[in-house]
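I have a structure I would like to understand better, so I am pasting it below and will then ask my questions one at a time.
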Amino acid sequence: MNTSVNIAGVTLNNPVMTASGTFGSGMEYSQFVDLSRLGAVVTKGVAIVPWEGNPVPRIAETASGMLNAIGLQNPGLDTFIERDIPFLQKYDTKIIVNVCGHTTKEYVTAVERLNEQPVDLLEINISCPNVKKGGITFGKDPKAVEKITSTLKEVSKIPLIMKLSPNCADISEMAKAAESGGADAISLINTLTGMKIDINKRTFALANKTGGLSGPAIKPVALRMVYEAAHSVNIPVIGMGGISSAEDAIEFILAGATAVSIGTANFMNPNVTIEVIEGIEKYLKENNINDISDIRGIVE
Amino acid sequence: MTEKYYETAIIIRQEELLPGINSMWIKTDKIAEVAKAGQFLNLYCKDKSRILPRPISICEIDKSDMAIRLVYRVIGEGTDEFSKLHTGDTIKVTGPLGNGFPIKQKHAIIIGGGIGIPPMLELAKTFPGEKDIVLGYSNELFLDGEFEKYGNVHIATVSGIYGTKGNVLDSIKENAISGDIIYACGPMPMLKAIKEYAESEEINIQCWLSLEERMACGIGACLGCMTKSKNKDAHTQVNNKRICTEGPVFLSKEVVM
Amino acid sequence: MNTSVNIAGVTLNNPVMTASGTFGSGMEYSQFVDLSRLGAVVTKGVAIVPWEGNPVPRIAETASGMLNAIGLQNPGLDTFIERDIPFLQKYDTKIIVNVCGHTTKEYVTAVERLNEQPVDLLEINISCPNVKKGGITFGKDPKAVEKITSTLKEVSKIPLIMKLSPNCADISEMAKAAESGGADAISLINTLTGMKIDINKRTFALANKTGGLSGPAIKPVALRMVYEAAHSVNIPVIGMGGISSAEDAIEFILAGATAVSIGTANFMNPNVTIEVIEGIEKYLKENNINDISDIRGIVE
Amino acid sequence: MTEKYYETAIIIRQEELLPGINSMWIKTDKIAEVAKAGQFLNLYCKDKSRILPRPISICEIDKSDMAIRLVYRVIGEGTDEFSKLHTGDTIKVTGPLGNGFPIKQKHAIIIGGGIGIPPMLELAKTFPGEKDIVLGYSNELFLDGEFEKYGNVHIATVSGIYGTKGNVLDSIKENAISGDIIYACGPMPMLKAIKEYAESEEINIQCWLSLEERMACGIGACLGCMTKSKNKDAHTQVNNKRICTEGPVFLSKEVVM
């Protein structure tokens, strides 16, 4: 049985990776999970310099979901390169670095610095709803997506995954824009912008007012967008949004995803990534499927 | 980092200490063995609409029985779910989480306010030096009797029906309590006042505060649970510390509240 | 204590109404709920002639939500006018008729026919994701929203509520477009387009492939959009999306909604509308608020 | 329309008939009084992530005790939740829903297949005329003994270990069962075959089928649960009938399957 998948020439042992921002750089979860069993670890978004992020509260729970407004707090590339990459290199997994920036220049500088690093893929976050500058501003219209993609492709020696926002009218347009900008793959969905109000305190539950909605609640939207994206482009699609079981992951693969990322579900169950990997294997075995690629996108 | 475990614990027993304040002993597989005062557990809800674990401090540890006691206020749907667990039921938990109280051989003033009282019990039990224990309540008392065997207990109530009328600092002043180190857990206004008191020129003693914040992962991965710190934090490289990992117990002078 | 609210000159006894398509024309739920206690009944979308809707399955459950792809099945205006309006007139509640159409002409014809009817408000559904023609096609770009609004305003003698889709990049643009087209009020959100796959049958859970996601899962997105819309226009905003308790309804009012609609929650609890009305009254009393309008939009 | 009620029912008792097939008696406030064979209840889950009620047919009604019996297959998370309810626990239900079987003074062939067998029990019990009862299973039997007091029971199993090897129609043919009216509930392929059989020229008898479809409201408001109908339906004005309201029991000739 073959569960390995190929993204831009990089072969992952299996299609299960972590979703950026929910798994740190793997260190914390390595107490629960053998990172070598994961298809890839996608790190928390990193920028050229440390970012402070938003004030607290940054987290709120919602029905089968959660809101976060971390605001892309991160230790900056120096620390990341010195501490996190060497840590991940100890494991037999692929390293995907999620990159954020306020300006095109910041993205470019980050990509240039990572060019020299032993990382397998870069995931460019142009879809974070929680920062005022950067992030989503690059991700909300197709022309901007194409532009930033082609700019980064010019400088990057590492294949690029463009991470798309669901806060748009037509995800296939966005997917096509990334593809024509030269993206090697796309990943989606980032969080949906949401809000919660504390009616007793009469204030927002998050200091940032709005936050990004993730978790099982958003899975139907994520799955629909992954399906639409996979039917619009010829590059691999990495699906995510609310995956918390092998069944969920298989839905995304049947809809056309080459790989899947697991985010919020790590908070619900620190073992979830391993359970999903094992559950996919079981499904393939029970259904006599020899190669995971035989079921990719077969529900049309 | 201490070892952390994701386990299915079994409810040994549960009782109500006061209306809406429950005490629950759970049997763990490995957590109790490595846990210490000031650490907390993540408790998972069975109801699938509640996806985030609930952080609850360790109130007591019984290493011989591999048991941990949790005392919690029933305040929302998650704690309401926990309050309905019976002997023999199971609950998923992760722990022990956080750093715990650093134990120093000194005369300690151990301060708990409201639902910040439970974590101080294991500390009072295991702290080796002399100790004065100051417990602040709004009105009705709970757990106070259990502290008595471990030190001098001083009570403050807002209503004044027991002990000093006022807050824990009023009790400290009224009883002229002094010591070399403070450990405290309780509501934010109380912790701010204690920080100010401990750092004041005339008192100026080491002060450890146990903080709270909304959490998602509880293990340092999501960066949800920050407190502002005086200096740049080694992990985050900014003036933010992860309460779940570098805390929940912080030296008062290191945090900006 | 005053819970009445005013929408385009129509006074509702309280801000709680039903969401179109989840409450029929009130007849079925009248077995559980005294319709005279509701601020308004919003009927299932009706077109000039009967519509067949989509094939089954039309319903699927998701985490804290559901997908529907009814496809606007409806009995047509003749039956509606003969049967449903007279039924609703027996109650001391406001009648809001939700209107759908495939073409501008169909909307115009429907509005013209309803002009002669004893209805209080019309809600124009330009945001249904489940029909191929009409519905969402009118609701996905601001210019089209403004156009259809002004066209219908020209013919309508009854105040118009334009119902907006969340499947857009910027809800405030849509809200402003409806306002400049002359809308008397706006309502939002309609459902988010979603998908579910049955991994054992390897087929879509809904015959229509995609459906509209509703219920508690979408509340954070709905609340955020209602907040944004209420801060972009000066006409009343009717908020909906996942409301299943008085607390939820109050969140929307604090965010700026003049009234709220309850949809999917009727399926979860046939008494929910009454419980929400009573819960709002309790909240106002406990917080010494004399008029519900004193808390509208106060969380900013 | 019969009266419908939204109630909190109490579990009287629950048992497993076969692995994965549960029988549960619940005490209702008013539902049992007005309910009849062929109607169903909506059962609400306690877990808040499962928002839609589960439609389950009435298997038996005990009017003197205001009790209703539900026999259901544990197939997903909702029915799994129900299977864990114990005597004295509560469950929210709405009912009775749907039309039920129209009772005619005739010789009836009552046919149930798989999890479509339970609703036929109350019909078998209350049907006044002569009756042959045909029960189709894949393998293991359940409820069959309880039918015996109400008529001649014929069994068909796919595996052939009990009764006729094959399906319910094989049993009808093998036993040369005849009657004036058919009532049937079971999987769609079975119902289609029965429809064809009953409407065939040589048989040509009235045939009532109980249908299933995904439901949201269960009371006719959402238009989720349609079956195609031969003629324009009075309510919908198109060739669609609401299974929850005009059904779940339909005259075979009126529906297109």
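Remarks
Letters are used for the chains, namely A, B, C and D, taken in the order the chains are written, and counting of residues starts over at 1 for each.
Here, contacts are C-beta pairs under 8 Å (C-beta built on N, C-alpha and C of every residue); 3 or more make two chains touch, one makes a residue touch a chain.
Note that the structure is a prediction, hence the values are computed from the model and not measured.
Simply put, of B-C and A-B, more C-beta pairs touch at A-B. Chain A and chain D have Cα centroids lying 46 Å from one another.
Chain centres here are Cα means. That of chain A falls 35 Å from that of chain B.
Centre to centre, using the average C-alpha position, chain A and chain C are separated by 34 Å. In chain A, the residues touching two or more other chains are 63-65, 215-216. Counting partners per residue, chain B has 48-50 as the residues that reach two or more other chains.
Taken as a graph of touching chains, this assembly is fully connected, with contact between every pair of chains. The touching residues of chain C, counted against chain D in their complex, run 21-24, 28-29, 31-32, 44, 50-53, 56-61, 63-66, 68, 70, 73, 75-76, 79, 215-216, 264, 266-271.
The touching residues of chain B, counted against chain D in their complex, run 46-50. Residue ranges of chain B in contact with chain C, taken from their complex: 48-49.
Residues of chain A touching chain C in their complex: 62-65, 67, 140-141, 167-170, 192-197, 199, 202-204, 210-211, 213, 215-221, 223-224, 227, 242, 247, 250-251, 254-255, 283, 295, 298-299.
Listed in rising order, the residues of chain B touching chain A in the complex are 1, 3-4, 6, 44, 48-53, 92, 94, 213-227, 235-240, 245.
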